[in-house]
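I've put the structures underneath this note.
In the two complexes below, subunit A is the common chain; its partner is subunit B in one and subunit C in the other.
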Partner chain A sequence: MSDRIEFRFSGSGGQGLILAGIILADAAAIYENKNAVQTQSYGPEARGGSSKSEVIISDAPIEYPKATKVDYMVSLTQESFNKYINDVKDDGIVIADKELVTDLSKAKGKLYMLDMVKSAREELGKLLGLNIIALGILVEISGAVSRDSIEKALMKRVPKGFEDYNKKALEIGFRLGKEIKNNK
Partner chain B sequence: MSKNIKLMQGNEAIAEGALIAGCDFFAGYPITPSSEVAEILSNKLPKIGKVFLQMEDEIAALGAVLGAALGGAKAITASSGPGISLKLEHIGYASMCEIPCVIINVMRGGPSTGLPTLPAQSDIMQARWGTHGDHAIIAITPSGVNESLYETIRAFNLAVKYRTPVMILTDEIIGHMREKVVIPDKNEVEIIDVKLPDVPPEKYNPYNFTSGKVTPLAPMGEGYRYHVTGLIHGETGFPSQKTDVIQNAENWLIDKIYKNIKDIEKFEEFQTGDADILIVAYGSTSRSARQAITMARAAGIKAGMFRPITIWPFPEEQISKLSKRIKKILVPEMNMGQVILEVQRNACGAEIYGLNIVNGEPITPDQIYAKIKEVSEL
Partner chain C sequence: MSDRIEFRFSGSGGQGLILAGIILADAAAIYENKNAVQTQSYGPEARGGSSKSEVIISDAPIEYPKATKVDYMVSLTQESFNKYINDVKDDGIVIADKELVTDLSKAKGKLYMLDMVKSAREELGKLLGLNIIALGILVEISGAVSRDSIEKALMKRVPKGFEDYNKKALEIGFRLGKEIKNNK
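Up next is the complex of A and B:
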């Protein structure tokens, strides 16, 4: 089970984190023929509340489908950061947004504070696509799937007319991820 | 890719399985965590000329399903928690009138509204005994997304073959998780279709309690006229209070399932050959159990698993046989102890332990491994 990689996207309902997880799992399972399982957890609210979307990628069959020793976590709200960071491995990587997460007293693993919101605002013109930026970051730093696979999986799920917008969001994610790799 | 492989949710796999099985009709009322079954079928069924109905509530939904099935349709409904509680009345009617149907229960925490978005396995006994009166039921507990698709096809087949309601019991984890599914062509799987009776309408009786054979259910509208009632009825379908008719009718409802248990049963054994500890686990919990067994074996503890796939009728014979050889049995379940009661009833002489976690989170491999270790040291 050493090749098992656990990802956790966390934030609040409506941010598109479940979709980000699905795209990652799809890239691994369908485009790279690995084993992948995606699960999610949320409360009874339709919007808001803490939610998480998890992806496990492995060469071996995946039995327990949820993350318990998280390798990579991204957090897009303070509440989800506090609530879900506990299972991150000591050498796990946590990505949080500089504007959305400010209290770092619960921090665990290797924490990287990035300008996801700022990049989205400046380069995309709106915050839609924050989930795809987060996806791009995790793909870039983990290397779990190729850029090509994630782009194919993304294009399959993007509504017509929003392909370029999402590609751009993914590229921002790749760039931010690369900055982390270079700073390591 | 030569094969049709997709990443899909458990609920989506159920919908796909239903379509492959030839499902003609869905009626339901949306409820988390089962709603995707309805959502997907609402999109797909009308496109192939079949029917999707959203009813005013869950009782009416199963009522519509039974009406459709009497008309010869392969029909299905899906629900969860309080929705299943509402369906119990009509599950009894389906049982009594021998109307084939498939009922999906994506289990969530209860009782009452409970935990709409969190998993549980607490409806196992409800599936067996929820509706009143003596009856039998077939219930199936898939452990993953791929199995959800294939077991839904089997559920339709068993429903038609034995003219009975068949329940699929998954849970929020399996229903909502996504994993790879190999989608078969229709010609790659066995599909049992609804058949017309082999006698002309004037010689047709809708029931037969003594021949040992299940009478085909003649679809309404094909010229076969018969009476359908939830009252105890004779072989013509009309109510009866004759003692011999009542006894035969009651016996038949049980016998047609239990005397065909070899055809209905399905289970998996994992590393039971040399096991000193047997884990009896089903559904999503069996995934954690499998991982825990690997951990236990690495630590020198010989553990194995018996996994019922058909949970009702319960695999009594297999549990009884295994318990003669393996003297310690552990039953982890996301409920306060339901399947363990059946294990205790059938595994005479074995020490039986439960692991019951109902906190809204799935039972983890670590939790099962810790319990295996504890039990192995006793």
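Up next is the complex of A and C:
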């Protein structure tokens, strides 16, 4: 089981978290010789707006597809940070946005506060693509799939005409992820 | 556990099966007071092109999110029909397209052959929306969520400008599903 890696994207509906999860799962299953499960699981609380999307990647077939010991979580809202941080492992890595998550009283694991929103605003001109920035960060710090695989998977899922925009978002993510690696 | 309903959309990548699953899960979790899990699970065989997307809907929280006793399966390719029919319950319902699935030697459960492709071609003018036709069929025959909920969920996930097209596809699905109900 040691090769199993659990990812959780958390935020609100409309931020593209499911798509980010699908792209990560595609990269592992289609472009690398791995097994992948992408799941979104929610109950009546979804009406509140909180949403999570999970991906498990493993060299072996995945018997239990629910994330229970999260290795990498990214949070794009305060509510989802509070709600979904519980299953993060003690040495798991949590990435949260500096502007969107400010109350860290429920923090668990190793927490890194990053400038995702600020980078999107300044370098992309809008907040569309925050999900892809988050995706780039998780790929960079986990090394679960290669940069090449995630780029290919991204290009297959992105609407025509938005390839460059999304590639730029992914590269912002790589850069932010690298900052964490350099500081570890 | 008797209120747990398992759905499986199967076909090939690019047919929009994940989206169909997401819309069904949204309808249950956001527009009705239910729990829902949407999963896609695949391994290295995904490179072959087969793909499945599963949804579990339940009144109770869903502990095990993988479909193991499929109540309703729809198949949009021969390969996925062969590959994913195994977990269908003995009294489960399998919907396959008359043109896309012709070898029924592996059939299981109660099989219904429908004119999804033909209806799309004749009534929509193209095959885009086959996933939504399949969605309409499963909603109609299962009654797991209301027509109203699935329409709302669909409208939230559909790209701007494609609302009417998708609504028409959904209604074709309702009609085909109703034919099954009338023949049972």
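Convention: the second predicted complex is superposed on the first by the 177 of 184 C-alpha atoms of A that agree within 3 Å, B and C clash if a C-alpha of one lies under 4 Å from a C-alpha of the other, contacts with A are read in each partner's own complex, and residues count from 1 in each chain.
Here is the rule we go by: contacts are C-beta pairs under 8 Å (C-beta built on N, C-alpha and C of every residue); 3 or more make two chains touch, one makes a residue touch a chain.
Here the structure is a predicted model, which means the values were calculated and not measured.
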Side-by-side fit of subunit B and subunit C on subunit A, or clash: clash
Which of subunit B and subunit C A:Q38 touches, first, second, both or neither: both
Touching partner for A:I30 - first (subunit B), second (subunit C), both, neither: both
Partner chain in contact with A:L127 - subunit B first, subunit C second, else both or neither: neither
Touching partner for A:I180 - first (subunit B), second (subunit C), both, neither: neither
First, second, both or neither for A:L104, with subunit B first and subunit C second: neither
First (subunit B), second (subunit C), both or neither touched by A:T68: first
When the two complexes are fitted on chain A, the stretch of subunit B hitting subunit C, from 133-141, 205-213, 295-303 or 367-375: 133-141
Overlapping contact positions on subunit A, where the subunit C interface meets the subunit B interface: 22, 25, 29-30, 35-44, 62, 64-66
Subunit A-touching residues of subunit B, taken from the complex the two chains share: 5-7, 32, 116-118, 173, 176-180, 284, 287-288, 290-291, 362, 364-366
Contacting residues of subunit C [partner subunit A, same complex]: 13, 18, 22, 25-26, 29-30, 33-44, 46-47, 61-62, 64-66
Contact set on subunit A toward subunit B in their complex: 1, 22, 25-26, 29-30, 35-44, 62-66, 68
